């Protein structure tokens, strides 16, 4: 991803190092973040790579002769109550969970940035209306409204993604709005306006790039949040249609076998934990790397 | 200050109105409340028509909303479609249980977070500090329902199997024994621990970093140089300045912990508001859904307000006009 | 002082009293705890639609008749079952006379009389009361009570399902004391009855506590208290079973059977019975909604592709029978109906003959159309989902694609006005079950053409969208046939026709599965009266 940077060459002075280069150099020093990038990359490669060789039908194939088998060489993660291989389903589930997490975070970032920028830049009644709406959404505890929405709109990967994305943009929106409010009074924006730039140009060329750092951090952390939210919804039985696996829906099923087959509950859960942990470390790393006050 | 309070209260009204409007609009499309009757299929056509009229389901939606709003404002929150109980009673029956659970969770969180947070700040970069930091990262990343399941596997199933002291899997008390304070404590530990885990992790990190920040400030150096003991320095000065903002953090966390109760109460069979909401959602019990949503939203709005006010109180630099 | 404030004080008092102490009073009594994984909505038979609420209500409320071991009607409040032979039914079938048992009293000590029966009928028919169903009661023209112990029901025309009426009776004095607004009165939510137990405390969503009724006419129950404890999920309930926090677990889903069997050496046993309910997959008979299924041969091919015995053996652990009929497990089930045999080769050959040839991805195609359809059932039921996944795989093996599109109960079972999927016929194949709740064969509304839900008949309760004049004729005739055997023959004939039309794939007879700790003796499960059949005989050791 290209990180847009502040006042471009036309206004900026000479630059010793490109910003992405700088961020990467700082990120590299954050060892946990680096390890996390590596683990996450492996997870993504497995989740999206294995399905190229194994069909989803095979991964979801029932084997009634091998119900609830503990982990073994044949089934490293064991099997579930209808004899499906948990390792394969965890991989396919990872694909869905990761996709939902990433896309929902992207969506919430897009909505949050647009609404926040609009409200902050325009101000006035529009700002008022948008912010009251944001407040209203923020005031209903997330899971309560998500449950109701998930019930209204049904059960498909796309819908779950949209619902989660459409309900997690509010924090990003507030960050962006606050940033825009303070930035638009700063010199470079005033100067641009004085030079006759159009609003949209000022927004996209000057203000948005300047708020990108906190947004990137928030969005990264948002991926972890979205994965957990998806898992919670699926855990409550509101996720995607069977036989599609997600980590949350596998845990939903596992609830009945905590005593007899704890491995059914263990593996999907530990993968959620590891994924979210990695995402959070990367978010932390990015925060440090993007911090303009950090010393080199 | 008082005019600020009044203004905030005044702003809360349209906010709550918007919330009820959004909630009503969404909830109406979650399915047919009469489905629970037709599942068993001995209803005749006449029965269906009669019940629809009885519950007012045959009226246009805007009318249904307005009459709901009017009734709610006069304290009539309706009766459940299923149990025909007064919804206010249902909420008030469940509320104390959720409040108890939340209170114990907060107590757990605060006591653990304050002690561990300060200890890690004082012993920065020690083995203990690293260990706790690692745990807090896990705490923030762990899905609470999974943690709940794992705690049940270990502390209820395995411990009991091994003949060790164990915790019950759910409920508020054992019916063979009846309700008592001891029973309550015994039953509340696992759900409260699950509910507070994420929060505790966050607070430890918060306290650690703000104590570290304070320790390096001038006034602490001054205090130290005056010859005050470390305990006094920490207790009198650092503690106060580092922890007061925590109050607002607690108020802001109210909606999160309420969300958490949905999952935790259903895993641990805790008869609270979260479970009330969840079972109402499963059955499209509209009056109960609306009441719980409005209720938790009001609590959230109030706690946000409280957070702002507390912030003003503890931080004299902020003035509200 | 309002009752809630009182309860709060009481609770506080209890807290203080029992702090550090063990509540010995409760321990000294024999308490049986029944765990349920579904909330109870109402403890009054007249206001509840069924499920666990009905069973729980029946612990306290009883009616005119009850059932014997073999599901035959016997007298409860009535001394015997009216019949043509004993003169209880008039020659023309329009009057049914009950003689009431002497000395039966309500839980509050008042004697039960014929006036209570009449008052119950008036209450059900009163428009101010939102009772669940008036089916049958609306056929009664008047009720005579010549004396305290005689009730005569008068009908305009013979009503053959009369035994199902008055399965609960509400005391006249309670009705009078709480009218108007009877519906919302506490006396209707937790009614008194003359059954073996009386309700002593109900905390919704938590538990219900019953006490033995000393004057139950069959004799005082042998246990002192019965508690129904509500768990939020099957899983929570099963954990409580393993922890021996409950004595009896209500309606355990079959997927938990292996888990329970592992607990057998700890003294937890499995008790099962089969219900008069068939799990079935319905092919929408409306060709505009599911054009594929208009082809009878294709329907039959699908029947042959599904291995019902495998479902029973592997997913129900052998605890059920393969089902064949809508009247499954009742005396009205046609015993000669053969189940469609599992024969995938035959299914494939039939599909080949119809011109469906295997195409891309192993799915059959014909004229560019894939042999693919959607299947809906309720979400959140593990057994149903497992069966669905197995059927999906079996169909896949013969080149048929079944796409799962599960929905919530509130959407599937909604009324026409709210867009209920079944009601509006918005499904291709649907999985749901409607059994016989009582031993009475009257379920014609599921087949009659006139009952198909439509724009002009929105409250119609026929969801198969099936219409066959031959079946209509048979069902209309049986509804007015007083002779039991003749009626049976008509129903058998209707079943044969329906079986051959092959719109409904019957899978298995849904079993009742309970777990019971061995300390509880004399527990029995009954096809219709499930666990409330003999709780007065349970003994705790």
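We just call them A, B and C in the order they show up, numbering each chain from 1.
Rule of thumb we're sticking to: a contact is a pair of C-beta atoms (placed from the backbone, for glycine too) under 8 Å apart; a residue touches a chain by one contact, two chains touch by 3 or more.
Keep in mind the model is a prediction, meaning the values are calculated, not measured.
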Measuring centre to centre with C-alpha atoms, which chain is farthest from subunit A? C
Could you compare the number of C-beta pairs in contact for A-C with that for B-C and name the larger? B-C
Determine the centre-to-centre distance between subunit A and subunit B, using the mean Cα coordinates as centres, and give it in whole Å. 24
Taking each chain's centre as its mean C-alpha position, how far apart are subunit A and subunit C in Å? 45
Using CA atom averages as chain centres, what separation in Å is found between subunit B and subunit C? 38
Among the residues of subunit C, which ones contact at least 2 other chains? 233, 239, 242, 380, 408
Residues of subunit A that touch at least two other chains are 151, 255, 258-259
Quick check on subunit B: which residues sit in contact with 2+ other chains? 30-31, 152, 157, 266, 278
Which part of subunit B faces subunit C closely enough to touch in the complex? 30-52, 54-55, 57-58, 79, 82-86, 89-90, 92-94, 152, 156-157, 160, 168-172, 174-182, 184, 265-269, 271, 275-276, 278-279, 282-284
Touching residues (chain side subunit A, partner subunit C) in the complex: 57, 60-62, 64, 67-68, 81-82, 151, 154-155, 237, 241-243, 253, 255-260
Which of the residues in subunit C end up touching subunit A in this complex? 233-235, 238-239, 242, 255-256, 258-259, 262, 310, 314-315, 379-380, 382, 385-386, 388-390, 392-393, 396, 404-408
If we count contacts the way the header does, which residues on subunit B are in touch with subunit A in the complex? 14-15, 18-19, 22-23, 26-27, 29-31, 137-138, 140-143, 145-146, 149-150, 152-153, 157, 255-256, 258-260, 262-263, 266, 277-278, 281, 289, 292-293, 296-297, 300-301, 304
Residue ranges of subunit A touching subunit B (in the complex, touch as defined): 132-133, 135-145, 147-149, 151-152, 224, 228, 231-232, 235-236, 248, 251, 254-255, 258-259, 262, 265-266, 269, 272-273, 276-277, 279-281
